[in-house]
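Report on the following structure.
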Amino acid sequence: MRTEHHLARQGFHGSRRSFVTGLSALGGTGWLAKLPEAGAKATDQTPATMADEIVIDLAGGPDNLDPSLTRSTRDWSVLHSVYDSILLLNDEGELVPLAAESFGALDDVTYAVTLRAGLRFHDGTPVTSDAIERGIRYVQNSEGPAAANFQVVERVEIMDDLSARIVTNEPAAWLPSQLAVWFVLFPESATPESLGRHPVGSGPYRFVSLEPGNEVTLSRNPDYTWASPKGVALAETARFRFVPESTTRLADLSTGSANIIASVPNDAISAVEDAGGEVIQTPVLGSAFLRIATDAAPFDDPRVCIAINHAVDVDAITESLLGDQSRRLASIFPDERSIGFDRDLAPFAYDPERVRNLLAEAQLADGFAVRLQFAGGERDDVLQVIAAQLGAVGIDVTLESTELATFNGSWRDPESAPLRLVTWRPVFDPHTLLSLMFASTGPLSRNQDAMADDLIRQGAIEPDTASRAGLYRELGRHFQESPPAVFLWNLTATYGIKGIQGRWKPRGDEYIIPTQLKDVTT
Amino acid sequence: MRDLMVADQHQGRRSRPRGGFFWSRTPVRRAGTFWNASLLPLAAFLAIAIPARWLFPSDPASQELVGRLAPPVMFGGDWVHPLGTDGLGRDILARIASGAGLSLSVGLLAAVASAAIGITVGMLAGSLGGIVDVVATLIGELGLAIPTVAAGIVLTATLGQSLPNLLGILIFTGWISFARIIRLQCRQLVRSEFVQASYAIGADWPWVTVKHLLPNIRAIAIVLLCQQIAAVMLWEASLTYLGLGLPIERISLGGMIKDGQVQIYVAWWVSLFPGIAIALAVVGFNLAADRFQTAFDAAIR
Amino acid sequence: MLRSAIRRLILLVITIVSTSTVVFVLIHLGGDPIDGFLSPGSSPEVREEVRERVGLDRPLIEQYGSFVLGGLSGDFGESWRDRQPALIAVMERLPVTLGLAGMAIVISVVFGTIAGIVSAWLEPGAIRTGVRVLAMLGQAIPAFWLGTMGIFLFAVKLGWLPASGADGWRSVLLPALTLAAYPGSVLARVVQASMIDVSVRPFVATARGKGLPELTVWTRHIWPNAALPALGFVGVQAGFLVGGTIVVESVFAYPGMGRLALQAATERDLPVLHAFVIVTVLQVTAINIVIDLVSGRIDPRQGSNARLGAANA
């Protein structure tokens, strides 16, 4: 993948050796230093043979595999290994047909889908076009996060066994990206109970068992023999283990209990390498920003919003805390793969002088106090740095960690903090993010901006992708003159790998699917 | 087990030990000085925690991203940051001092409040008996049935993570230790010759309580208090680690250990020193409790 | 026996009712419970549907009544988030947690007792000081720190034990040891104090005066009398053990009830939270009943009173 890098050791002061020496100094445990690293003798697999088992440590996992209730990309890693959708987002940021053989727009409100012939579900039944309607209806009628996204689908017309038409009630060029992320194909025999506990799909792995809170086991689907853009299974068995502590995941990698570990903290990178593993850090299609409530003072003045964008030294943060795959964003679009990304748009520069001038213009020369809210569990060290940086220019920040339920209930609450940390993924098609969070009627929005509303609405119903991109670029420029957020950085994913070197590559959509593309062999 | 009934031993001369509220003057001298080596850990911890603001000029909140994760002075660092720096370049020694102060305050507050409630309930139950005792025992058993962490989970899930909530959890689970033991002591005291005699000559319950019960339970109350402070400090660290305790905006020892865990393989000092500080406090208070216990025992014999 | 059993049963009912009440009140005090598991972008229609499904649209009294009755009868309803019966979700993970707690109890009793006896019996010296210091430290080091160090030492460096998961006896050892450190150390100190206390009593001097060998004095006279308060103390630790499993399970990724509870707490999944608290209460009560029975058999005088007044060290 072109954006993948091997990380050189980043020159941290500490290392495993100094830890051990430290222990010796504390009293007689110098013998620790002489013991060989457990698991260091693991032999590498020969590429030609299929591994028996691959173990993946995730930072948590689903208790219930119902696709309509599953929210996080982490849990969707499991689901997308079992299910295939009709479309897939590939590493170049393109939507390619997966279970579909062809997919295209017939007109502004109709998509024509033709499934590949010969695909079978894990229970043996053939994959037919009624599965498309089934899948869409199921998500539409659910309570989950994606239900609202599919309300725009009015009906699905079945043309024959393998083809169907999806008809929307208004132009919705953003719908295909939703199909790639939230929609799955499942057989007629599925019930809500079986979807939750015993999923049957048509993907590269079959579901075997789920131990809630512990792990989920999948086995290779022997019928998945076609040239799928998702790749072929890497091993006979895949186990996803749910391990919330990063140090424990690291220990698992080191002892050989896991082959892939997710969410490696930046500071643990050298430890992974010491343990004989390889670290891969990739940018994912997601962005981080501080949402600004522009419906109340002092942020109803765009100059203040611009000032605060200039007040954060994002480069210092990314350099020391986030790794070299992160960089400052000019807007909410993370990179070229996202529709609307404008490579000519420059991010706000760190400029304390300009901050002071702008604040003076806005009658706030003495600075002001503001609260910054975030959901408990988010990385708070970067927030502490941001708070310190803003404090240096007279903006006195009080950090508030809120537990999730209160956080979710107060998006539009005028009493809640004006600044809120948001990390959003995927941002391939920005429509959902924009309509939810930056349109004035959006359920997550405290932004009052008529021009933004207009552009967002136009982008929603514009059928032509190139024109949409143009509209979003215009929106990006507008957002620089009247920022509804403090734009921070693009999200990255860091993985540790051991024992399967070179055979698995991370995906831009951050799903960990234990497959490899057929043409990539070491 | 440790019988603090003093009436018999003093042959009816005094119903309570001689001396000030915390120490008995005469008997202590016989047992050797109160102050000995076992109080060193506590002294060390208090020396760090109390004068924090004046002794440690480094601002615990000042960040310096360039110098982050610097090792302690013995392992390659320099004297500006004798115990090294954490993930944001903040001085660990200053943060420990600040966090120790907060942990100590939380511990003291929670323990003293638990003591006040627990001793009151215990005294009422032990000396009045009857329905009061039954109700108090019932409430005590109810509280015992809910572990601290479970209570913490429920409270934080509903009312959020904050200092008052943390204190609430600690007091809710802490008062019972006092109540149980004080209740037992009061039951014995109430049956003693002295108290019976007082009632016989017409004293009423409040007078008996103040004159006879309180002085005789103060010794064990102090011992329990020290132990409870230690226990509470440990609980605070655990709850903060689980995300149920002090919010991250405050510098706390438990929070420091939690933050430092991620870096443990490359910068072990970030977690180690706060851990040592907690251990020092807990060991210190427990040893102090032991010391008080020995001193009070000597006062009796 | 029967009286005490009935008393226990009544106490259990009262405990369940009051615990349920507290949980109910707290959940409703803290804002709309739905927001915990429902996605923030949901439309008002979906929110209404969900409220209806979980029964939040009923009058508060009715909700409270069925909540408490549910607690008593074991019908906690379905998890709000994934519609699986809440009790099943908790019970699925109960055996794992019980196994961990059980092993920790065994380890703490065995090592605590041995350490306590040793430190009471030995003359002052290096070993005795060493044991006492160890007990002191075991009581003072936070479990989560100990656990991480344990993983580093035994799993990563030595490779003797797995770092996480729950396959086989090896993966329970490290978590159980971590969990047992605190109660074991406290027990050691209690046993030590108790033994010393008993050893200076008149009847022991009498036994020695009769010319009995020192070993017999210790095993037949001192130990049985010292053991009882110590036993009562084990019961007190039940609360700590049940709560401590949550911390240990977090560090070791041990798939027990604790992690489920933390998750339910974040998402305000009331049925699961309710089921968890009640099951926890039952666990603690069960351990206490066992302790009571054992104490009652060893010394009929003591029974349940020992538990109430024992922890005096």
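Things worth noting here:
To keep things simple, chains are lettered A, B and C as they appear, and every chain counts its residues starting from 1.
Methods note: contacts are C-beta pairs under 8 Å (C-beta built on N, C-alpha and C of every residue); 3 or more make two chains touch, one makes a residue touch a chain.
Note that the coordinates shown come from a computational prediction; the quantities given were computed from them, not determined experimentally.
In terms of Cα centroid distance from the overall Cα mean, chain C ranks first. Comparing the CA-atom centres of all chains against that of chain B, the greatest distance is found for A.
Note: centroid distance chain A to chain B, computed from Cα atoms, is 45 Å. With centres taken as mean Cα positions, chain C sits 21 Å from chain B. Taking the mean of the C-alpha atoms as each chain's centre, chain A and chain C sit 38 Å apart.
Annotation for chain C: residues touching 2 or more other chains are 30, 36, 148, 152, 250, 266, 268.
Residues of chain B in contact with two or more other chains: 156-157, 160, 243, 261, 264-265. Multi-chain contact residues of chain A, defined as those touching 2 or more other chains: 245, 247, 250, 376-377, 403, 405-406.
The part of chain C that touches chain A in the complex is made up of residues 30-33, 35-43, 46, 49-50, 81-84, 89, 92-93, 148, 151-153, 155-159, 162-166, 250-253, 255-256, 259-260, 263, 266-268.
Across the complex, chain B meets chain A through its residues 61-63, 65-66, 68-71, 74-77, 87-88, 156-157, 160-161, 243, 247-249, 259, 261-269, 272. Partner chain B is touched in their complex by these residues of chain C: 11, 14-15, 18-19, 22-23, 26-27, 29-30, 36, 136-137, 139-145, 148, 152, 182, 194, 197, 229, 236, 239-240, 242-244, 246-247, 250, 258, 261-262, 264-266, 268, 273, 276-277, 280-281, 284-285, 288, 308-309, 311-312.
Chain contact summary for the complex, chain A toward chain C: residues 32, 35, 37-39, 57, 63-64, 66, 69, 71, 143-145, 147-148, 192, 196-197, 211-215, 241-245, 247-252, 254-255, 257, 275, 376-377, 403-406, 408-409, 411, 436, 442-444.
The touching residues of chain B, when paired with chain C in their complex, are 1-2, 137-138, 141-142, 144-150, 153-160, 173, 177, 180-181, 183-184, 230, 234, 237-238, 241-243, 254, 257-258, 261, 264-265, 271, 275, 278-283, 286-287.
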